[in-house]
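Same chain, two partners: chain A is paired with chain B first, then with chain C.
Now for the complex of A and B:
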């Protein structure tokens, strides 16, 4: 790097120094708000019985002993760990309000005649499970659907068993102990349903995945923020397109020098902002002033491994965004495409939903996308570490991004 | 009025004179459609590695068939050995392994006659989670019908003293006509009563939200662009009192184009649900997004400050609006400031069109009040 390039680097340093306080203040304010929201949610969750995962409202024909027994059995005897709690509501409005306020996940309305219909085996009256429209396409909706299908299978298979036995008894002319046997098989099947875990021998091998959900969200917010930060990078290079690049070249700062120094300043500002967030979180956690924060920021997030993972993540995501900016420019089109690519690459990389929730093709693509590489660096630091393929992809994509940036800069100069 | 239309036309001409701009718009459509295509690949919240020990076991094979056919919370892969299934869990390729024993049907028969079996289905999992406990319910529901049948047979043997020949005569279990679905699910709270679609695609559903936020971003990008023009003296011929209006017009043109592109992207990716409601709510959203960007960008004196603010606003919008997650109820008052919130709620509940209609005059009023406050000055 020649003296001219160093002078340009100093110029970039001054520019970054000028912008840093404002950007840093926004970063800190933003993460502070997110942390406050997370702490509120975490505290709320902590207040409740930790075993209860789904609170379900129930209303309608609930005074039947059949329903009462069913609720008690699921609440107290269910041993598979579904952890349901039922709350009875007097009317639909009250139940709807509880869903609106997130106090319950869904409510089940038992219509008049349902119990009779089940007892007779007609099954023509259905239980109505009501959820909020905002959850229509959520994972929670899928889980509830699956749980209800399972519950339906347990009930209808039991019905088949009971009615078949009744039919056999009728055909065999057994009348004396008809209801005694019916009650007996009924109770037997009900008890078998609530103790259904005995069909299974469960072994937890104690590998907790790479991360807890809190760590996952912390890493995801970092990657999303970094990916979208490029929209703000315009402020670094706002003078671009006015022949500055060409002037610099004639002044002895070549394309490579320009790209490297500008990228370096962009990287430094991004990294310093995240470092400030990281250090603040560390200081709060270590001071022990807030218990819920300890749950959100476990020790792994403050290790040296995580620090280096952060460096890697900032390097690769900044390089990609820098290249995009070089190619697409600072205009409306440039910002549009940067946003769309940032969001979709984050999505594919398992930032908005854990990668295991996504199709396999996303996992494969994510290995080669900057956001995916960054996410893997952050998630697996301090545990198994990123895979060899991820590390190779890191260097490959980094070089590719620099190549693209150089190409974009040369094109700019030709046009200027 | 003619002057206004001429200006709008010139703004459009300016935007579309560059082929790059058109190409970038088309890129957005292509990315959306491509993403929708990718999202239809098989997915699920958990990966289960299944090993069936006895390849001749009809019951186990029937379960395997049902696993392969059904779309559910779970994604199955079939391992060649119990060790391979367990290894998949250890290596993180699967969240759990289900290892079926030999003679599953016989084991269930024994369980029905003599109590629960010593040898059952082995489940190996990394660490207990809510989803994994739900997955075990699904696993039991696969074998429970066969178990219920075995219980019936055991009762017929033990309590009624019937022989296997009698079963041949009276085996009605298969023909017992019981309606299998006891539940109807609907999402009526906050919306119209509607049955749940069988195939929920939680991967494709955020596309609409992403595009809605993209429209907002386009509005802000337009605001930045016109301010740069202003700084470069390109609007010097206009009187100072007209500048705010010209900024709003330019932002409006960009938001209009972006809304059209969003509509095309949604249409091509096959996401719309109800065309009439979709078009109306999108149209109203375009207006709301325009007013929102005009109002918010009015707070920033310099384009640089606005640009720095944009990423934070975008991330905040992703949290506040139901794009990927449903924000907690206590954040809802804040969410209602963002027009994307009402638009995205409209998808499942057309009543939110009314909120959009209220949003428009409210935002207009705020803009007018704000412009009165900073009357004549440079915002």
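Now for the complex of A and C:
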């Protein structure tokens, strides 16, 4: 970077100082609205949760007297303080949506052949329990506890019946092979139940890497804010059609210097605004103003890992928006293209709706989209971290965006 | 000061914008390059100011080829592009400080080029609050920061009101009085009349043009 580029950087710093308060106010206002909406939704969910602790969806091979009996038994025999209610669903999509809307905590899918498998004493087909990440541990524990409780109740009752039968038979003087047969029945029953120790397989949907929906949407809001930020912060770029690019180049700030300096200032302003949002969220949590807020902003969001993930997310999304602005321009058509692309890439990257509810191709595409990379950085910070592919895509897309910005600026310089 | 432009060529792909452009200018002259929109006037000026890379050609001042030493161009040439290339949200002073050091700025405001532009009148005002004429004066002030002997002005009075235009014309006169040379790219009749010599740029070729006050003929020839 030459002296002229440094002078331009100083000038951008002055511009940022002038423009920052307005942009920051815009960011915080947006964040405040989102927070209020989230708190209202969260409070409503809490009320719903206190009335019914666990509602469980059930689907698959349910038209069996065995299953009907099992459901009634679990509902009626439940006396360990956990209220369970079973709701039948026709298809998995409906059940997944009910999980997302928090209408049910989990759904159990009974695969074809499961009943036969149980009746024949095999252990080859398992129940599939689909739970949201936020409920994974608690639901697994509850379901296992409830089912084992019911099973043990039945087992005890069954054993009592068999022992009673043996006693009656003994008193009646019936001896011989009957004893062996009843012992066999008892042993078989015990073995069947014990050998099906891993009778439940838990499959997680929704958000992996994050603790729950609140964190997921906190990350999503950050990505959406960043993606839409360019529409509100165009003044950080050179005014198109005013000859400023040419004037700057004449003054010794070449295309590379212009793009680098402007991107840097754009990145700094974006990051400062998000940092302000982040700090505000932290201040709310630390102040302990309201209990529901603690759920919306869990601890992991305020770790050093999350801070660095935020830096990465701002870098990649800013670079993409910068390149878009450079290529599309500041006209109404250009702004529309930027808006549509920002919303579209956010959608594909799972910011509006958890990616696992969307077709698999969206997940693959999201790995190579700036919004998707940003989401992955934020979601996996502090846990397993972003995958190697995500990190490689981060550097690749960053270079691509910078190259596109240089190309756009050069083209514009020629056309101006 | 002897200014010569020799065999300048520029193409975008297969499209030839400038075909073997040559001309010379003397000290204190005002040279007008006339042409319709898209004829290549801005490309010619941007090329001579070192902003766009020309395919070939020489631009010499007293025998020194400026295109072979781009960083030195600002010592000889001032360039005012179309529009208002300023940062609206900053003050006039902040804009000037990109082009001048503090010392240079103070000196120029007291008795240099900036004083003749009367920039002191609005030095602390935000650019967004300045009139069109003031903004043009300020962009002229930025363009001449290197103390050049040649000034390229691309459509200097486009979208200015009459007082604004008068201010620009006055500055052009002052600039020439010091023995310096002005090149303007224009299709404005008033500006054409101000020029000592005019050239018509059409289909990439430059030819001398003498305007005799027949506007209808000029329009046809553009």
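In this section, the second predicted complex is superposed on the first by the 253 of 416 C-alpha atoms of A that agree within 3 Å, B and C clash if a C-alpha of one lies under 4 Å from a C-alpha of the other, contacts with A are read in each partner's own complex, and residues count from 1 in each chain.
Note that in this section a residue touches a chain if its C-beta (ideal position, glycine included) is under 8 Å from a C-beta of that chain, and two chains touch if they have at least 3 such contacts.
These figures come from a predicted structure and were not determined experimentally.
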Check your understanding: Looking at the overlay, does A:252 come into contact with chain B only (first), chain C only (second), both, or neither?
Key -> second
Point to revise | Partner chain(s) touched by A:414 [first = chain B, second = chain C, both, neither] | key: second
Review point. Looking at the overlay, what does A:404 touch: chain B (first), chain C (second), both, or neither?
Key: neither
**Study point:** Which of chain B and chain C A:378 touches, first, second, both or neither
**Key:** neither
Practice item. Could you say whether A:8 touches chain B, chain C, both of them, or neither, answering first, second, both or neither? Key: second
Review point. Just chain B (first), just chain C (second), both, or neither: which does A:244 touch?
Key: second
Review point. Looking at chain A, does chain B or chain C touch a larger number of its residues?
Key: B
Practice item. Please write out, lowest number first, the residues of chain A touched by both chain B and chain C across the two complexes. Key: 19, 235
Review point. Across the complex, what residues on chain A touch chain B?
Key: 19, 22-23, 26, 30, 33-34, 37, 40-41, 53, 80-83, 96, 99-102, 118, 121-124, 126-139, 141-165, 167-169, 171-172, 174, 177, 181, 184-185, 188-189, 192-193, 195-210, 221, 224-225, 228-232, 234-235, 238, 328, 331-337, 339-341, 343-344, 347-348, 352-353, 356-362, 384
Point to revise | Complex contact set, residues of chain A against chain C | key: 7-8, 11, 14-15, 18-19, 235, 239, 241-244, 246-252, 413-414, 416
Revision key, fill the gap. Contacts from chain B onto chain A in the complex sit at residues 15, 18, 20-21, 24-25, 27-28, 31, 35, 38-39, 41-47, 72-73, 89-90, 92, 95, 111, 116-117, 119-128, 130-131, 133-134, 136-141, 143-145, 147-149, 151-152, 155-156, 159-160, 162, 166, 169-170, 172-173, 176, 178-191, 194, 196, 200-203, 205-206, 210, 213-214, 217-218, 220-222, 224-225, 228, 254, 258, 303-305, 307-312, 314-316, 318-319, 322, 324, 326, 328-331, 345, 348-349
Review point. Where on chain C does chain A make contact in their complex?
Key: 12, 42, 46, 49-52, 71, 73-74, 79, 81-90, 94, 97-99, 139, 142-143, 154
